[in-house]
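Listed below are the structures to be examined.
Below, subunit A partners subunit B and then partners subunit C, in two separate complexes.
Showing the complex of A and B:
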């Protein structure tokens, strides 16, 4: 009974997040359009770089699959929790969120989920359907790959959310100075392979990324999917993900308990 | 029910320097000052009381309410609401309270009012029958019917406020904090909200703490008054006692035919406005009754017109704060 109620609440929160997005259908379509344009430009650059054959150890088809999946996945497991907390703290509207009898983390997580589902349906899927139909993609044969990739992506989503959420809590300390988190966001996008797949990055950068959590968000599952890493290392990656998850969770607990003491609510 | 002892809240405020060079310097070294928003406040509130929490701008009212709501951690002191320490147990406390911040809305901006109600039904786990009854009841007395299916961003200030008050009570909380629930509302809307508070209090024995700058709200709704000034409590007691302990003052304004030399008395004070042919008599019921004072001026002058202005909370407060 209790579980059922919880699920019902989570469902309502997700639906609410999704509904608030549907208001902005028009802007979602515009985002879809521009997403398509920038994506197309990226694809064309790669095509001219890679030509017909493989270079830098990558074929155009692999690259295309990677880019396309990044698009889908990044939107699917995206989290605006950090940005949202920062905005709420600055305006003082965080007080309204904290009045509700629920963990701020849970509230924002399902809000993200609702947004992501909407984003995936309205923006990402149409883009990819069109592009896949035109260029064609390579898909893995082994069903085990799909299983591993799904688990890794779920883990990646939890990691990404925890990371962004914790970063958002940091704004409780820096109401007057939002740039601290901005640096962290940039570090994240470089080391997560969102800017450039890590297999193409300079060796030192790739080596450094081994010691950071970011590559386990989306890069590792995608690399497995497009065949840039082997199933033999998949378990190893999962272990890394769980270690990082535990670490991020511990960090979040640590920051959370201190954050409330630090919070000074803005405005009357 | 609500217990507050020696409650303090200090804010560290950084000084924003003027000028470019000073701004650059402030990156490395910043001056700050401490604001004592709530400075040793204590009070006890029983079940079913309606308490007016009153003071000037910046007195510390909202800061106190935020601490009682569990969203702001006190610098020191102790407080419990329904036996729960709000800041240590925010979620448990939130289930027991309803809060309205007149300056903010709890409703989802883009969604119809009813959607926010539904979300609260799930959040507070409100049984179906209670929910249905409350929605119907609140819709009736607060007249939400016309706009309950409209997105919140389209609503007027008064409509939004009524919806916010309704949502804060939809889970039948035993304690409700209303921080300026009548701000910016017209007289009809204010009256509706006052009646609503009284009715809910009578029906359910709900405890209310109400802050407002409209003393009519206080006179209509509250039995008890807590007066806060610069973070400290200046008065805590019944509304009637408040009026009495600050003297039952009144002013007689008399239009007269002509001035005469009238001796001042120790019982009252007379101000003469020669060019307007008026006198103002400042009296105090503990020294001389209104009828005696009227008799006195009627004898002393040839009075054309007379009006009596009795003191109310507002005039008393003005006296206290302009001293």
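Showing the complex of A and C:
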């Protein structure tokens, strides 16, 4: 009974997140469209760099598949938890949210999920499907790859949420939280392989990224998908993801506890 | 003429006051300010590094070698930061102000609303971004061994001014759409950032339709692609006359004037959403 109630709550929260996106769908469509313009420009740059055939062991079709999936997955596992926490702390509305009988983290997670489903499946996927049909993509033959990639992406989603949520909690100390701005995300992007795949990066950068969580969000599963890493290392990647998940969870608990002690309400 | 001088005098009177207050407000959260500034530098620096890594690996993009491409990126960032330092208020912040009804405040001041918006959002703090842009441009020019003489230096300054005017004018134009339509402005800031990428890479790699677009419609090719060819001694003018390399400043004046006019005209269409 308890499980059923919980599942219903999660479903309701996800549906509400989805509904907010459909209500402001004009804004969501526009944001996605301009995102697609950015993406298209990136594709043209890569086409110029890679041309026909392969350069540095990478064909244009492989790169396109990688970039397109990154685009869809980034939308699918995106999290605005940090931005939402900052807004709640700034306005003082955080007090209302903390009094609710639902855990703030659960609420934000399923709200993100609802928004992401709309963004990724309703908006981004059709545009990418058109681009894929035009340019052509590469797909793996082995069904095991699909299974591993799905599990890795679910782990990546949980990791990214915990990471963004923890960064959002910094707003309890710094109201003008700089960790959730574009410039900080830029710094992450160099280690995440989202803009420049890590297999094309210098060895020192790829080695450095091994000690950070970013490459395990989307890069590792998608590198496996386009055949840039072997199925034999998939279990090893999963182990790394679980270690990072545990570390991020522990960090989030620690920061959450301290943030509640630090709580200063603005306005009312 | 007297009215213009009156508004100009008022403008220069209030800029230092607003700037002082903006810096004071920022200094309220010193820790965050320090980290924010550091991350800004690292954020722009990261984009520079990513471009460096790509051009290092592939040697060139569309026939433009590593530091030539980095010069395009640097010029785009420098001209963008200059435009933003001055025009943040009436451009990127405007749609939100209109939506919230806060723009009403600008209409009751004894100064032209555009001048008020520029003055109210101006902050010396943002000059740090411009300095970063200057460092990027200087570094790229140094690595390209460009021999600077007085004519080239004046040309560079005029190009930067022209580029800032082009970006500023387009920012104003896009933001002014919020005056004319109720609801969401389709030409958002995200759109501008997406299009700006067209000036960060050699225009030669894009299809012909985009080459026309960035030359005649949204003239981003004049920000750095055409003028930097004079500095680098290149001859890559697509299907256009080489004179295009000397046009950034006049094009900038035209685009900024159009932006200001559309923006000022838009005020008459403004309907307050109340507050």
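Note that in this section the second predicted complex is superposed on the first by the 258 of 268 C-alpha atoms of A that agree within 3 Å, B and C clash if a C-alpha of one lies under 4 Å from a C-alpha of the other, contacts with A are read in each partner's own complex, and residues count from 1 in each chain.
Everything below uses one rule, namely that contacts are C-beta pairs under 8 Å (C-beta built on N, C-alpha and C of every residue); 3 or more make two chains touch, one makes a residue touch a chain.
Computed from a prediction, not measured in an experiment: that's the story for all the values here.
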> What is the contact status of A:31 with respect to subunit B (first) and subunit C (second): first, second, both, or neither?
Replying inline: second
> Of the partners subunit B and subunit C, which touch A:199 in the superposed model: first, second, both, neither?
Replying inline: neither
> Touch check for A:174: first (subunit B), second (subunit C), both, or neither?
Replying inline: second
>> Looking at A:186 after the superposition, I want to know if it touches subunit B, subunit C, both of them or none. Which is it: first, second, both, neither?
In response: second
>> So in the superposed three-chain picture, is A:93 touching just subunit B, just subunit C, both, or none of them (first/second/both/neither)?
In response: first
> When both complexes are superposed, which of subunit B and subunit C contacts more residues belonging to subunit A?
Replying inline: C
> Between subunit B (first) and subunit C (second), which does A:44 come into contact with in this model arrangement: first, second, both, or neither?
Replying inline: second
> What residues on subunit A does subunit C touch that subunit B touches too?
Replying inline: 176
> Okay, in this complex, where on subunit A does subunit B touch?
Replying inline: 5, 8-9, 12-13, 16, 19-20, 23, 92-93, 95-96, 98-103, 176, 260-261, 263-265, 267-268
>> Touching residues of subunit C toward subunit A in the complex: what are they?
In response: 29, 31-33, 35-36, 39-40, 42-44, 46-47, 49-50, 53-54, 56-58, 61-62, 183-184, 186, 188, 190-191, 193-195, 197-198, 201, 205-207, 210
>> Could you list, by residue number, the parts of subunit B that touch subunit A in their complex?
In response: 11, 14, 62, 66, 69-73, 87, 90-92, 94-95, 99, 101, 103-106, 108, 110-111, 115, 118-119, 122-125, 151
>> For the complex, give me every residue of subunit A touching subunit C.
In response: 26-27, 30-31, 34-35, 37-38, 41-42, 44-45, 47-49, 55-56, 174-179, 181-184, 186-187, 189-190, 195-196, 200-202, 205
